[in-house]
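Next come two complexes built around chain A: one with chain B, the other with chain C.
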Partner chain A sequence: MPIQSFDVVVVGAGIAGLTAAAMARQQGFDTALVATGPGRFIYGAGWFSADGNKDMDPEALEKAIGLFRQMTDEADCAFAGNLREPQLLPTLMGDFLPVTLAPFTLWNAAPSAGARIAMVGIEGLTGFDENFMAERMQAAASGLGISCVYKARRINISRDLGLPLTPTRLANCFDNDAAFRAELAASLSAVAGDCDRILLPSVLGFQSSGTQLAQFIAAVGTQVGELATLPPSVAAMRVQNRLEHHLRNQGVEFYRGFPVRRLLIENRRCTGLEIDGPGHGTTLHAQRLILAAGSANGALLGTAEFQTDEALHPVTSNGALVANNVTLATTTAAAQHCSLAPLLAGFLAGSRMERTEESYAA
Partner chain B sequence: MESTQVVIIGGGATGAGILWDLSLRGIPALLLEQGDIANGATGRCHGLLHSGGRYAVKDAHAAAECLKENLTLKRIAAHCVEDVGGLFVQCAQDDAAFFDQWDRAADATGIEHKFLTADETHALEPNLSDDVVGAFTCPDAHVDVFRLVLANLEAAVARGGHYATYSKVTALDRSDKGICGVHFTNTRSGEEHHVRCEVVVNASGGWAEATAALAGIHVPVRCDKGALLVINHRLASHVINRCRKPGDGDILVPAGPVSILGTSSMQVPGPEGLTIANEEIAALLRVGAEMVPELADVRLLRAFCGVRPLYVPPTATGSGGREISRGYALIDHENNDGVRGFVSIVGGKLTTYRRMAEAVSDCVAAKLGVQGECKTATTLLRPNASTHHHKRADLLPWAAEEKLVNRLGPNADQIFADIKRRPELAEIVCECELVTRAELEYSFSQDNPLSAQTINDVGRRTRLGFGPCQGTYCGYKAMLAGYQSGKWSAEQAAREFATYLAERWKGQAFVQQGKQAEQFDIGHELYATAIASTEKQGGKDANSIL
Partner chain C sequence: MRHEQENLDACLKCSVCNTACPVYRVMPQYPGPKYLGPELERMRREGIPTDTRYVEYCLGCHGCDVACPNQVAVSEMIAEAKATHHKQPIEALRDWWFARPALLGRLLTIVPSVSNLVLSLKPVRLLMAVMMRINAKRVFPAYRNPDLKSKTEPKADAQHLIFFPGCSIRYNTPDLGRDVIRLLELNGYSVEVAETDCCGVPALANGDIEYARSRARLNLDVLSRYLRAGAKVVTTCSSCGHMLKSGFGGVLENEPDKAEALRMLAENTRDVGELLSEQSDAGKLNTNFAETPLKLAYHAPCHLRSQGIGRPWYHLLGQIPGVSITDLDAGCCGMSGTYGFKEEKYGISMAIGSTLFKRIAETAPQMVTTECATCRMQIEHGTTLTTIHPVEVMLKAYDRH
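Take a look at the complex of A and B:
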């Protein structure tokens, strides 16, 4: 069985795993990331809602957000927002939800007093209805006392992309076809009319960088905001892709699509893990292991009943340490539905590394 | 409608069967259902078309009746029945004497059956436990309950029958001649209605006691709760019965793309507000796994429960739910209580619904002085069903087209014509159950005599949202379709969707484990905050939707 060695191996490619891996790499560790697929983030809109965040340690959360903002800036998928001033953003039900952090294209969809907003649907895209959204958001905005106007508009895509049109097809086209991007910008421009902002379902590419999106918006000539869609959420996938791409560029080794067979734990120390490769297994040796696999952490540890000690090491239900170089990026049960919880968990697990290193040396 | 001759209360299989029977006799009738079709016990059972085997040992009369109706329904409602056949399996720990007793009882009842050795049984059903020592075959089958009720209504409407869903009866008019009118409220719009009539039929199953109370009459009905589990694939190709004294968790029915395991039996105060305890689910799975070991580790889509409305004749003693006869009772309140123009039909089984409808209709026809015999045993519910040979339209993926033709029969031609005219209607909206946009739009269409009022109604008509994703993806699109049909404002559509998700999630919340828990998480991630956001700003809990 082939063997690779790393300073740090992170399991899980959700927000927790990506954050922890970024921190490990930042500190100069030779880092690998193992994951079967993306985490839960991609099923959501692509933002971090403000819900439940006040229950978490604000100081640590501020630091985690600062780190995340820096990471997404470097990855050219800049986020907007901060902990103190949540922004109301439209959900796919046409309601408004307080959001702490969002990619700037989603952030652009916030309502503002006096705005005239074109709600743009795309002919053939059945999972989105501009009339429904405009009607709902108009009512929601009035309910909140925000005096903006929503106008439903519709554009046609001239090329035949097949029926039904999905956000995925449109996003792939957006990524790969400059002529399509130009046509889309022109169509949006044409229906903008007297509106000062355009909202459309999130279809602006799975790969596009913030720079490219800013160029696109400049070509439209009117501010553009994206709206959450049914999964797969293009905006969230874009964040995932940009961050993975960035971490690869930073030198993180990715083992994507490789299930973990087992952790190698002896005498309360983890020497690495075995993963399923195509046709053969591979052993990854690791000085440190960070488990950021969400609900799968239990299965990796071989027990559903585990807790963490103060240093975030796993301990069994009767208090025995499982391994002193395994760190858990887990959310507490209470924080399970706080969208920033995985970010905080990844941050905390990532920031425990230096301290633990000293303990290993001793 | 100002007046009709007969008002039927209850839109389960029995009520729908009565509407069809009366319509076939040319008697004008209106069926009123407080929810959607098959809202009560009909829509909350295994969908097992009994061969009588289940009752052969205990209740020869009920068994014989089931057998007769089983054979009749396979003929008249062929498009609603999947004739999978059944097995009565004996496990090593089961009483061998009962197995022999069953053999003799089946002989006596006339249930066609054949003994299979352990090897033969496993060859037929490889998922059965190694502990299975033998089995008998029998003509059990699966019946799609929603399709069955729709078929009866469809046939009745074609003959001039009327029905209204979401119509709750609030009062009965009484004159010196007896019951002569019905007041009902549309539960969705709040509109109140009144209709004059000559006879009222109480076919409201678990609600029969409450309905009879509107006429000041006591009809004792015992509600016996049964919980069932939906498993995400077919674990067996036959109906699997445990060959022993009937008990919990001993029937597994392959139902379309899923399997249904049940049931428990527990007396409850009424047909509403039922819940399912974790221990109930664990117990069903434990017992089920004795026959099919894979049940210990399957993906459960949801759990649901309904009540068996068992009739307790005034002479019956207080024995358990499984001891009361599965037979039915027709009560003519003119004889029993001196109230003319009012009959109740209680007890019985899904399998014998047609026979019950016949008995009621005979009684009603006699009251109205209408001559003629019941023809429902010989009239096909879908006249062209057996002769309609579908030629592939090549407009949809093969599996989707086959399902569509199966669901709609001759009406499928109209849908194909629609798709030809508007190719975008070929979109598969529900990917789990392969429901097309054409069917979704038709469900909401005003041209549809069985038009859907809610997103769940669409499910009962097409199976949309019944598969592994439980409406996570298709529910939203169905909501938009309802909005686009002009039926709902955006605000109402959003409310409909919230109600829909709450219902879908309720059934899943009972069985949160393994893969389905992940699916459930995705649904929550997607919608929980979105749906609850407005409410939450009003200070309500995000999880209040559950």
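Take a look at the complex of A and C:
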């Protein structure tokens, strides 16, 4: 089996894994990331809800958010928000959820007192009805005492994008076709009318950068907010794509699509892992391993019953250290989906990567 | 991505494959890998007739397989369905030839100069567009006398490698083949060119699964002899590499007597980049590079991504002093072997490629480098830049020394 060598190997391409890999690379480590598919982040809206914030160490959380903001700025997929002032954002179900951090296009969907908000539907789009959403959001806002007005509007797409028309198809077209972006901006402008904000389902591209989105909003001439779509959420996928692209550019090597066969642990030390591949697998040697595979961490360690010690190393249920160079980026089972827990876990694991003697020698 | 498993039920309909599909990205009518793969597969397995019109448009890039969080072999299901599609006579004839690049190569290299002249004549190309539905804007690769003999004597103690050149090197770019041999010799190997046939990827892509199977049997037979003697097989074409590593196993899965030979081949096949990258990690790479000022952009072919070996050449070329290399990371180039030549698919091919061409323009390199021969064709067609195999870059850096 061929062997490739790295300083740090991270397992998992969710927010925890991406954050840990970014930190490893930032510290100059030769870093690889192994994952089958994207992580859980893309099955959420693309934001971090404020749920569960109170159960996490605020000081560490502040630092983790600072690092994440820096990372997303560099990847040109800027986030908005901070720990102290969560904001209510509309969900796909037609209610509000307090959110700590969101891509700025989702953040723009927040209601405010006195605002007139156009809820824009797209002719033929499946799974979204602007009348229903406007009515639901109006009721939800009234219930919370927010005096904004939602008005249902609809736009037509002149080109044939196939049926059923999905957010994925619209997002692809947005990425590919400058004429489509111009047409969409003009249509949104035309239906904005007396509204000071436009909300539409998230269709503004899988690849688009924050800079491009800001230009698009400028072309519309009215503030535009995106509403999360059914998974895979376009807004979340955009963040995933941009972060992965950014990390690749920074030199992180991705082994995507192939499961880990086993970790190579001997005498409480992990020398790396074996991944599957077509034909033959590959052994990835590592000085340090970070497991950020969510619920699969247990399977990787070969035991469902494990804990972590103070240095975040895995420890079996009877207290024995599994390996002193494996760090776990885990969230507790109770952590809410879309919460900041994976970000914090990735940050904490990424912070525990003091240089080992071996890597100095190398 | 594991074809050993009967994993239809592993599809959770999450649609991540659709977001990774280059065709779905540009072709509005295309139903996408989720529908054409696992969803229609339920019907196909029950023997219920399904519409096969769109399976024809699958690139076979494996993007869906790699993206799937549950390792469903989406594109393999689509490739098998391709074989059941009933083509119009013109397309059927054209695709019969497209499935057989080695046969074409043998015929056209009898008198290469005549072949090249005829294939470059405008009236011939216009006629081919009408009669064979091959797009007239495409430039056919030039055919050359197959000559892959090494000009140097390898050292006696050198590790022996068997080079599987693939049809492109054998019939169109034998000079690249000789470069590969020299590069490997400069790294202490001795290289023997295997008398192999086409790997079968073009046959699979053109819906001729039986022909692909016959190629797999033939090549396996030749390569097994070397493998039993302990040699490793190296490839430079990422599609050949993927086929040897896992495609042979797929098409020959019902031939248990071949299982051991298939296992040996899969275990001992290396992309040249993969091999040298391993040497580099072990400190054994010949790093006798001269300062080579060059701004390069690297494109990772789909069939390299689907081998799960990272980006060996991106890191190897980055070690050459003076070389600055950017990974374009702009997805599929849209060529997919013979796909981009087809009249009805030319527009789709170029629309997919446009993202890559745009990224290349933004990066403004002096040259582009990529492992795959048809990716190189597409990049040279869509941009004005010279596009070469990474082996050529590395060899130049040795030669300048």
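Throughout what follows, the second predicted complex is superposed on the first by the 348 of 362 C-alpha atoms of A that agree within 3 Å, B and C clash if a C-alpha of one lies under 4 Å from a C-alpha of the other, contacts with A are read in each partner's own complex, and residues count from 1 in each chain.
One rule holds for everything that comes next: a residue touches a chain if its C-beta (ideal position, glycine included) is under 8 Å from a C-beta of that chain, and two chains touch if they have at least 3 such contacts.
Computed from a prediction, not measured in an experiment: that's the story for all the values here.
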Clash-or-fit label for the pair chain B, chain C on chain A: fit
Touching partner for A:Gly298 - first (chain B), second (chain C), both, neither: neither
First (chain B), second (chain C), both or neither touched by A:His280: second
Chain B versus chain C as contact partner of A:Phe132, first or second or both or neither: first
Most chain A residues touched (candidates chain B, chain C): C
Chain B versus chain C as contact partner of A:Tyr43, first or second or both or neither: both
Contacts of A:Met237 with chain B and chain C, given as first, second, both or neither: second
Angle at the Cα centre of chain A, taken between the Cα centres of chain B and chain C once the superposition is applied, in steps of 10 degrees: 90
Gap in Å between nearest CA atoms once chain C and chain B share a frame through chain A: 6
Shared chain A surface residues [contacts with chain B and with chain C]: 43, 231
Residues of chain A defined as touching chain B within the complex: 40, 43-44, 49, 51, 91-97, 124, 126-127, 129, 131-132, 135-136, 139-140, 143, 163-164, 228, 230-231, 295, 337
For the chain A and chain C complex, residues of the former touching the latter: 1-5, 32, 36-38, 42-43, 159-162, 168-169, 172, 175-176, 206, 231-232, 237, 245, 248-249, 253-259, 275-280, 282, 285
List of chain B residues in touch with chain A within their complex: 423-424, 426-427, 429, 437, 473, 476-477, 480, 483-484, 489-491, 493-494, 497, 517-518, 521-522, 524-531, 533-534, 536-537, 542
Chain C residues touching chain A - in the complex, by the definition given at the top: 1-2, 14-16, 18-19, 24-26, 28-30, 65-71, 242, 244-246, 249, 265-270, 274-275, 277-278, 281-282, 305-311, 315, 326-327, 329, 351, 354-355
